[in-house]
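Encoded as structure tokens, the structure appears first; notes follow it.
Note that the chains take the letters A, B, C and D in the order they are written out, and that residue 1 is the start of every chain.
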Amino acid sequence: MALKTGEQYVESIRKLRSNVHKWGQLIQDVSTDPATRLHIQSVRRSYDLSHDPARASIYTTKSHLTGEAVHRWNSLMQSAEDVMANSNMKRAQYHQSGTCQGATCAGWTALNALWDSTWQMDRDLGTHYHERLRRYWRYMEDNALALAGAITDAKGDRSLGPAAQPNRDSHLHIAERRPDGIVLRGYKVQICGVAAAHEIICLPGSGYGEAEADFSVAAAVPRDSKGLTAVETRRPSDTRDEEQGWDAPKAGNITQAFLIFDHVFVPDERVFLCGEFAYTRGLLATFTALYRAAIGACVAGQGDIMIGAAINMARANGLSSKRFQDKLTQMAINNEITYGLGLGAMLKGERRPSGLFVPDALLAHVNKTQVARLPYETKVLTQDIAGGIGETGCFPSYQDIQSPEYGQEILAALDAGADGETRARAARLVEWLTVGGGIPGCMHGGGSPDGARLVVRAAPPWEEYAAEARRIAGITTELGDPLPVKKD
Amino acid sequence: MALKTGEQYVESIRKLRSNVHKWGQLIQDVSTDPATRLHIQSVRRSYDLSHDPARASIYTTKSHLTGEAVHRWNSLMQSAEDVMANSNMKRAQYHQSGTCQGATCAGWTALNALWDSTWQMDRDLGTHYHERLRRYWRYMEDNALALAGAITDAKGDRSLGPAAQPNRDSHLHIAERRPDGIVLRGYKVQICGVAAAHEIICLPGSGYGEAEADFSVAAAVPRDSKGLTAVETRRPSDTRDEEQGWDAPKAGNITQAFLIFDHVFVPDERVFLCGEFAYTRGLLATFTALYRAAIGACVAGQGDIMIGAAINMARANGLSSKRFQDKLTQMAINNEITYGLGLGAMLKGERRPSGLFVPDALLAHVNKTQVARLPYETKVLTQDIAGGIGETGCFPSYQDIQSPEYGQEILAALDAGADGETRARAARLVEWLTVGGGIPGCMHGGGSPDGARLVVRAAPPWEEYAAEARRIAGITTELGDPLPVKKD
Amino acid sequence: MALKTGEQYVESIRKLRSNVHKWGQLIQDVSTDPATRLHIQSVRRSYDLSHDPARASIYTTKSHLTGEAVHRWNSLMQSAEDVMANSNMKRAQYHQSGTCQGATCAGWTALNALWDSTWQMDRDLGTHYHERLRRYWRYMEDNALALAGAITDAKGDRSLGPAAQPNRDSHLHIAERRPDGIVLRGYKVQICGVAAAHEIICLPGSGYGEAEADFSVAAAVPRDSKGLTAVETRRPSDTRDEEQGWDAPKAGNITQAFLIFDHVFVPDERVFLCGEFAYTRGLLATFTALYRAAIGACVAGQGDIMIGAAINMARANGLSSKRFQDKLTQMAINNEITYGLGLGAMLKGERRPSGLFVPDALLAHVNKTQVARLPYETKVLTQDIAGGIGETGCFPSYQDIQSPEYGQEILAALDAGADGETRARAARLVEWLTVGGGIPGCMHGGGSPDGARLVVRAAPPWEEYAAEARRIAGITTELGDPLPVKKD
Amino acid sequence: MALKTGEQYVESIRKLRSNVHKWGQLIQDVSTDPATRLHIQSVRRSYDLSHDPARASIYTTKSHLTGEAVHRWNSLMQSAEDVMANSNMKRAQYHQSGTCQGATCAGWTALNALWDSTWQMDRDLGTHYHERLRRYWRYMEDNALALAGAITDAKGDRSLGPAAQPNRDSHLHIAERRPDGIVLRGYKVQICGVAAAHEIICLPGSGYGEAEADFSVAAAVPRDSKGLTAVETRRPSDTRDEEQGWDAPKAGNITQAFLIFDHVFVPDERVFLCGEFAYTRGLLATFTALYRAAIGACVAGQGDIMIGAAINMARANGLSSKRFQDKLTQMAINNEITYGLGLGAMLKGERRPSGLFVPDALLAHVNKTQVARLPYETKVLTQDIAGGIGETGCFPSYQDIQSPEYGQEILAALDAGADGETRARAARLVEWLTVGGGIPGCMHGGGSPDGARLVVRAAPPWEEYAAEARRIAGITTELGDPLPVKKD
């Protein structure tokens, strides 16, 4: 049976070696430590909801290997509908926790992208990566693994390539090739969901050239591998998430980690690309097309919660939410644009010979440019509706509200359309979503908007458009750019 | 053979009775009159390109009735891919003429919507509308008809319903029921493509109630029916389109007409809804879901031409188009948003039991809100790149350029990165696209953005979002809108 | 008495030699010819309103030379309040005609800028330009002249400077220096208000270097000078302005002309800069600071009329304008931003030793960037409120409405909240303002937004901001841009 | 001598009775407690810079009472230049600390507004408020006081007025009138700068009617008055500001407090409005005109620091800041719009008979609507330029960087265009400005944007615009809104 319960999931995570840190300390039990427990709780919920008849169609699907039910994040996306189901699951997960869920996201997408790239390599080069991946896939399914995806390298100086960096560790690389496997060294940074994941799917962080063969590596690495150290990053207002009380919501959160690979050995059967630099660009392109088509559903899901938070806030202030209907409608429009544009990328996508379905790259990257703008407008509208109380943490702390001396006065001052505590909780959610720990990485998560714009720039047939316009205008002369390009 | 050539098409249009007017005059031959010939030329091209092997897949498809090749605008849309093909044809048509093509658009969509509504009526009411429609469809296919779609009524006072209007003609209505058919009276306005169409598919302009049974009528009316008078409307700078010379481009244009139905008899076999007011709302909803999902492709197609026009203009000014790359990329983003969001509506759509595929209404209407904004931004960018010459008609007329006295001086003053005439033609295209006859009805075409916002407003599960936000915030009390709704 | 009546003004214009053309023809009487009469009517109104006690403070002020009342467009701007009064007059003029008024605008500003530059040249170089200008100023005042301002040259290939152009006429230049004056040759293009002006104030179109001494020329040229030919440009839908009927409003309009200087002799006393290239940059900077601070009032004035047009349209459709209050308020916000930001530039300006007051260049150019965006948003809102009837000329022509055969039916179809003709007139105004002849040159008028952005780019103390941010961040190391600049 | 040094200022603040709390605890010394010390440090700097010859003109001016030098925040604003100097000081203060400075801001403005309202009351009612205020002003000047301004009441249920609230304390009110003064009871909330202020200037939070006479009260209350309790609010990521290390910048910050007035006695000489409800509306209008004209300078000042932070971040990433010039220029445009539009409100303002200069209300409120939008765009651009590291706290804590076990590895992973610590500090500033403790209350600070929109809505002569548009359109019939207003 490839499905696990939430309890089984947590149990399996607790069995891993402790190698996650925060605040300069080793975390003994990630499932209970304040720094990580909320993310594990989020992921646990996805395991549990896989068994809820009303939601099973969201959180599970059929295995392409066995035909049996598997968690969706263990499946191969074979059609536009499968990728849409990814989007729908993400939107639903945001509805559960209000934020991002790392350990069922990028690792899954990374493995999907590898399905196609390994197929291509085996076809072209006679390698056996795809066979290995298929075996690993079966193992992953059978164990219902949660996977983090590690793509972003530390990168070092942005003006230099990996091989030219003063510190070779700026990018994860093959430090040694052994008969039975490889040894990895270097840094992957800002990796979501590490604490809640069983394994980490590593992909090269960019498209590489010949000089970068050692950086061209993809592999599945157990999270508790020897030599691997994870250090959790801070989030906005992260201490609130870790505090007692309700100055932050507690329905779940997201974590990111820096990963230090200090000579981590990976056996061959877990290595899916090893020096074949020519395939890194395609691998990344496949990953980003999948990822950026679906990312609009994430921010839509959070936008839905912002709508709900704004409605609650209006009411807690004593006002009808209808008064803000135009703004709420605009928030819904913003949400549906990023969600729907991603779906458009899917409809225009194609099924590769390997069986993987890949959305249209242009539309997926256009979507990324909107994901980097519209959620911010939605946040601004949320704060606009919420009133001053939701803007800059504008009321005293949970501890102050407990003060025997003046706590009741604070609550009385907070009373409005709802009792003081209800209004305060509603406001803390607005804060958390807009300037607090609930903010997902809309701007650079899944790559930068400027990077997406480069893809957009590369796609349209500019000269064809110009020629069509000349035909319509009745221009019969040639009209090319002056040479050389003039200086501004 | 269901496909016609452009020549056959024009010939068949010329055979119709003359009943189209402009400038207070009856037009004798719409295929040669300056007021209408350019639109007919646009439509003719779509017929011709149906026979071009490189483009046949855009302009033709298989009949669902006969399995034979038909013009796409004569086909039933049975899948998301079929609706996407509608979008793709529209984008391609804009690439041909730079603007809208009425006679292969709304009538087609109207007939598709009727396919489903008649199916429902026959199922529910035991009527025979669907059988009639199927026969009419076969006739239309066999004759490769161009169809205008007449939805918008004159409406009269917007604060009153059809039945309450002082002038019953404000909406098209059944003036008389005869044994063999009905008699129509009233006004349909702003109907695109009439002069180039063989027939006009009339739909009710809104969802109607019991008092409006006589306004609840759908029918296929030959364009040259007895009693039907068409009066073409003005377009911005329309006299340029009709002038000699090249102060407007001549690759095609669009027309709109006011239709005066003065006791037009329609035989039963052409009537597809006749008093069944309860089905008007659904019919319109199906029409708008199809229409507004595809409309983003129209403005994308024109946006592509604006990109081309801007590139040409930059070069004609003596500058590299690369200098404006960020603006060009933004224009492409705007285009792909409306195109791609429409595709998203399709992927999320559903196939009805009748066989018609209908896009998701929420996403289609969200798209309409963007169609009413983004093309305007694209125009602004076009003018920004073009320089002052493309903004407000900023150079003398074609006639001045022909002046023996000073024409050569004007041309010399226009010389820049290209010869004066080329630059002038490039600028006239920019003008035509942004403040001239090439402007399509982005704002209210296919319905108003405020109307679309009402659909958006009706769709989201607002209370569910609020409840989810309360759960995340840890709020356990109820929190509803205060009653009664407070005044602002 | 320095003030003239409208009648006196028109009479004086009629006395000028005929040298204005349109449609390939010489215009015999600009005050009656359909192509030019509406602009002259606009200017005439400003003369008349100078005598209206309720408006005299808008249209007149005191002469800095004589202390007597003069038309405001004949005065020196000596304080922030004077420049604000310029803004206020422009906004009021738009309220009169709905559009721009060329012959009381740029020429006036050009003369103001020359006041300061000639003062500087006399001080620095011992020339006598300022004395000349003072005498000319007195002459202008005494004769209450209307002045066009000719700044924009034909320019030729944008990638080459004036001296490098294949055609020297691309820029106005000194073709010959005579003992008593100079001879001008070349093209000035897109010059507003020529037909309604007595004289044309020519300024160099850009800042020039040593090689461009012959292009460095400023002078006052009578509009009917020997050798000077004006050719009017087309405007969007310009034939409607010239037609009978009311398919365009007739309260006034704007004209632009191409000016062909074919060896125009200018006597010394009318020459204010002649080869002193080093002063051209400063002269232009002064002109643009004045011009771009005030230009926001122009578009605000037109925006006010768009508000009015939208209100009328809503009512003519049968709806309360209150229904659109949020959009109307946003239109007002857009108007006040460009108006108020210009005023901010004035408050931050400075009085020069010459007596001229010059607004802050940074804020004036920031304003220009907004003038190139916000009026377009306002237009979109106007069309949004107006409904489909105001969008693309969506109803038949005046001539059709006169048709004995079907004119009454058209009117009946137009009936709504107002009678058909009222509604049609309201819609034609919307059209004229948004896609017709009433559009002013928001984008490139007074210079391009990209040019304004260059000024903005040059102004802020970027490195100081970076240093302040480092201090706040607690960064003690240096942090400069990498050298050389990395390629994207 | 009316000027104090920073040391004198701090000393005087330390002498106040302890009545400020945070985290459920009484703060013993606000000048050293982590929760409040940074704001006091900010204010101290303004006192110190008053003595810096290079900056004295920013931070000081002449007293209108004595003609001697006073701190600017102790002065009466008598001209547009004085209000501009307020703006300029605010922008400079943001350059110092990166954020808002409460104790030299709203209290000052409140006292200015009272200058005029007391003058009016004395004139109209024969009261002696203005005399009292003049005496208090002298006292304030002589003691160089820092003043908080308490306008916002707790408000309670937004759908009820003050007198109808279930809890009368929802608004500050006169609980008792004694022969020598009044007793205040109730809550003022979100009051900036309390901990750093000597006194609190209380104004009514809204315009009141007859039933609200007891809520109509303005007074100067010493911060350490008996019965007054202040509880500091949380800010985003506020614990970082209080932590050791540099996970937040330490150049200053802002505080807000809830104020509990529990029978605070205020002697008559400190009471400036006491029951005269009819003057509350005017008082507020004067306050908001002053405040919202200047608030654009605040967000411009922070925007300047965001520009600097983005430049540093680009360089620390190894990239030239020039690569992002277009975005930086847009940030500068945003800054100058809010700054310059406020200046425009000033130029259009008027000097009241009392001697106070008041900016134009319409432009000031238009500015508020932009202050509620543009700074958010600027933040988005800052994050866009910064890269992923500046977005969601994406790297480990200061404590982790100190870890002997892996701290060096974290620093190595952070190394890029600058050493790891420099880059981390640069990123922490971006975070603090965009999602951390440095965020000022752009949205609702100084009142809500919806409130500002109501002022904008009330100002324009809508009917006049409609009439002008009708005249231009040639419409001679009346055209008013239909009555009654139609339902949507």
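Quick notes on this one:
Going forward, contacts are C-beta pairs under 8 Å (C-beta built on N, C-alpha and C of every residue); 3 or more make two chains touch, one makes a residue touch a chain.
For clarity, every value in this text was computed on a predicted model and none was experimentally measured.
Interface chain A/chain B: over half of the residue numbers present appear on both copies, so the contact uses mostly the same residues. Of the two chain pairs considered here, A-C and A-D, the higher C-beta contact count falls to A-D. Spacing of chain A relative to chain C, judged by their CA centroids, is 52 angstrom.
The distance from the centre of chain A to the centre of chain B, with each centre set as the mean of the Cα atoms, comes to 39 Å.
Centre-to-centre separation of chain A and chain D, using mean CA positions: 37 Å. Counting partners per residue, chain D has 159, 318-319, 417, 482, 486 as the residues that reach two or more other chains.
If you check the complex, the residues on chain C that touch chain B are 21-24, 152, 154-160, 166-167, 169-170, 187, 189-190, 229, 231-240, 247, 256, 258, 260, 262, 317-319, 372-373, 376, 379-380, 383-384, 387-389, 391-397, 399-400, 402-403, 406-407, 409-410, 412-417, 431, 435-436, 439-445, 448-450. Against chain B, the residues of chain D that register as touching in their complex are 159, 326, 482, 486. On the chain A side of its complex with chain B, the touching residues are 80-81, 84, 95-98, 246, 249-251, 304-305, 307-309, 311-312, 315-316, 318-323, 325, 328-329, 332-333, 336-337, 339-348, 360, 362-363, 366-367, 369-370, 417-419, 422, 425-426, 428-429, 453, 456-457, 459-460, 462, 464-475, 477, 479-482, 485-486, 488.
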